[in-house]
Amino acid sequence: MAVYKRTYKGYEGGLTPGWSRFLILPRYSYARLFQSKVLLMFLAVCAIYPIGATLFLYIAHNLSFLEALNIPAWRFVDINEKFFVYFCNFQSTMAFLLTAIVGPSLVSPDVTNNAMPLYLCRPFSRTEYVLGRMAVLMNLLAWITWIPGLILFCLQWNMGGWAWAKNHLWIASALFIGLFTWSVILSLIALAVSAWVRWKIAAGGLILGIFFAGAGFGAAINAVMRTHNGSMIDIAQMMSTAWGQLFHYDSGNGISAAQAWSALAVVSALSLWLLSKKVRAFEVVK
Amino acid sequence: MTVPGAASETRPVQSAPPPIEQSLVTFDNVSRFYGEVLGVNRVTLSIPPGITSLVGPNGSGKTTLMNLMTGLVRPTRGEIKVRGASTGDPERLFRIVGYSTQFDSFPKGLTGFEFVYSFLRLFGDSHADCEARAWKAIERVNLVEPARRKVAGYSKGMRQRIKLAQAIAHDPEVLVLDEPLNGLDPLVRAETIALFREFAAAGKHVIMSTHILHEVDMISDQVILLANGYVVAEGEISGVRSEISDHPIQVQVRCDRPSAMAARVFESDHVVEVKLHVDGGGLLIKTRDADRFYRMLNHIALEGIAIESVTPADDNVNSVYEYLIGGEEATR
Amino acid sequence: MESVIELSGLGVRFGSRDILKDLRVSLSGRSIGLLGPNGAGKSTLIQALLGFCPLSSGTASIFGNDIRRQQKTIRATVGYMPENDSFIANLTAVSFIRMMAELSGLPKDAALERAHEALFYVGLGEARYRTLGTYSLGMKQLAKLAQAIVHGPKLLILDEPTNGLDPPARIRMIKLIGEMRHSGNMRIVLCSHLLRDVEETCEEVLIMKQGRIVHYSNLEEERKANKRFVELETRGDAEGFADAMTALGCECASAGFGRFKMVCPEGFDLKEIYRHAAMKELQLRRLNYRRDTLEDIFLKAMES
């Protein structure tokens, strides 16, 4: 007979590669997030437009089917950048709402419960922490924005043939860059808000507020000062101006694309700075 | 001293004539419930002046007891008198009681001095008077220099001390302190304990809760043990210990011939167990009669066994706590 | 003995205030107590060792790894239990500890095994599927300890581990620390205001004051008994005891409540005390040579 005394034992096994560890955070976050019915329902709603767009594509390439139904086919002829701009506009709004739902619970539990030292005393840096938390949202946003966008593009490529693809390949990169940038901006703002505002509902409200208030004040400044520079605090306007450059159209808010891109860069930098104030192992007491 | 249950027959009748009652804090069959939640139940106590430690697990009713004697919480049943003043008479009570709670809650933006001063003003005394008394209290807790700074920037130990200053500022006769030593470094701890002793020596009450049992042994005149809202024991520590008759008293003896000593002590019927130390330099003796044992020890020493040291192993609050309340599971 | 922590001129400055000044020492004990009054810089030292705050001068190393350049290596070998409440309220204990283990680099399955093991080890086995938000103060402390040991660190840093614990929980924590020390594969640094905790768990003490080291020693060696000083506690008629002892050539002072402190002459036989006690029917409830307690060591260090 053997007697095993339960004592403390060290760990001798292998370790995971360091670069992959930031992905641990999203895994644990999803386990918790997907318990929420609201989120699941919202994600289902987000799929409606891409499914509709797929049907549209299919029908546009099968006009004989329409003729069989006696529907005039002239409205469906051209699939060009406009089709994708509509897609971007709609899905980016959904992305924005999703951010307001998921964003508030990203960083605030760790700050409220003082868990930061526990993460950072491990071989896990502040950058990795931010990357990990960002990945939670970026991944979700990808599945409702640029991934379905590129799938649509590929479908169109498949059905429209090489000639169409050759002429419209720039749309794919515009689609990806445009929506990816939007996801980054949304994620950073959500993280910064979540790091500073503890109460979830307030944080969600604030995320919405940053965009709506920005739009409101921007419009007010434009009206009073008779300029276009007010739009610089309207993040959605900035984004659509940037998209205008990517998709070769004029957004019509009188701001140059360079201004828009730099304003977006400033917003990101500001969010990162706010985050860095909270994502640290200890509070500096003066 | 009494241990309810263990010695209920021999419990002294508390026929307190008025002048003595003026110097006691008494609980007469006091219960307090929060809805269905039990705070304390059927507590009857009479606490003499001096340092009294309240000891018990978290949630055993220590804070409730303190809230009751400072009038912050009214008893569901029973009556409490603090040096003759009923807790239903706040005007009188607040003048004789000083209370420092366990929680760090301070009005925003106040300096340490303003915190103590504004509390004193509540009594309606003049500005000059309050200022002088506030500084006096701050001096006593050794916080003069930081008192001009905002409380928000204080360390845990400084917050504890400014709360103490507030509690003693109006010169109360009864100090009630909830974990006053928690977070204090060894130096400040010693200073604060000295301050308590000063109060006790002046015939005042210092009633404090603590988790650090070995300190209770050294500083308090009497101890009150609480568990699940009931008073499990009260009185002087050694008195409480000798009431617990179902646990024999343990004594560590270091001597040159432990086996010879073991054989010798086993001749007496009050010695129930002897354990030799593994290093061969001493033994642990359990006896049912401490008085007879120690008298016997004198003679053993003279019979030629060289005794190097004698230490009671369980005549302390730690043991009393373990015997009466027990080492409860951490996963409660 | 292998050095655990080596400080070489370590300095830390916040703004214009020097928090740590030119610390130099090589710590090698299995368990090291870190002591000092509030504001002495104990917490800052721990944070500097973990790489949380920038150094203004010098450096330090843990198991030979430089804290400036090999932060990741160090953090992989260190377990840290912070002073304040730290946890994630809406996770169960198991997933919290498991996540922490994974962040330290353990693969998923190993992390799960060790999370359960660590929780059983600290005594939270029964409660390991509950969310941390429902834990009592003592349980949260234990969960904090579990996250600090789950990845099998070589050095465990504990900041005030017994703060706020009630007596059974405190005894349990002290017992666990002692066991881990004896397991032999972990070094421990313990920071506490309770000298008794340090006395019960540590081999060595490092005492700090105003950002400097004022004392570093092996406790066992410091605590050598002094055979000339005797402490006594009596019960019964102690009247005339002091006089009788003085007559025997001792200096004897009463400390009240039947307690006495004596300074005995060279070669004094304790039997003489018993002779007097037997004659007077006096009970000697306590008799021992005075040892330097950690409190004495601490107070001496503070005066320097």
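As written, the chains take the letters A, B and C, and residue 1 is the first residue of each chain.
Rule of thumb we're sticking to: a contact is a pair of C-beta atoms (placed from the backbone, for glycine too) under 8 Å apart; a residue touches a chain by one contact, two chains touch by 3 or more.
This structure is a prediction, so every number in the text was calculated from the model and none was measured.
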item: Identity of the most central chain, Cα criterion; value: C
item: Most widely separated chain from subunit A, with each centre as the mean of CA atoms; value: B
item: Inter-chain centre distance, subunit B versus subunit C - centres from mean C-alpha coordinates, in Å; value: 24
item: Averaged-CA centre spacing for the pair subunit C and subunit A, given as whole angstrom; value: 49
item: Distance between chain centroids, defined by C-alpha means - subunit A, subunit B (Å); value: 59
item: Residue list for subunit A, restricted to those that touch at least two other chains; value: 286
item: Two or more partner chains touched - positions in subunit B; value: none
item: Residues of subunit C touching subunit A in the complex; value: 14-15, 47, 50, 52-53, 72-73, 75-76, 78, 80, 82, 84-91, 95, 99-100, 102-107, 110, 114, 117, 120-121, 147, 149, 151-152, 154, 179-180, 183, 185-186
item: Residues of subunit B defined as touching subunit C within the complex; value: 55-59, 155-158, 182-190, 211-214, 290-291, 294-295, 297-299, 301-302, 306-312, 315, 318, 321, 325-332
item: Parts of subunit C lying in touch with subunit B, wherever the complex brings them together; value: 35-40, 123-127, 136-139, 142, 163-172, 193-196, 235, 270-271, 274-275, 277-278, 281-289, 295, 298-299, 302
item: Contact footprint of subunit C on subunit A as seen in their complex; value: 6-16, 18, 21, 24, 28, 31-32, 109-110, 112-124, 280-282, 284, 286
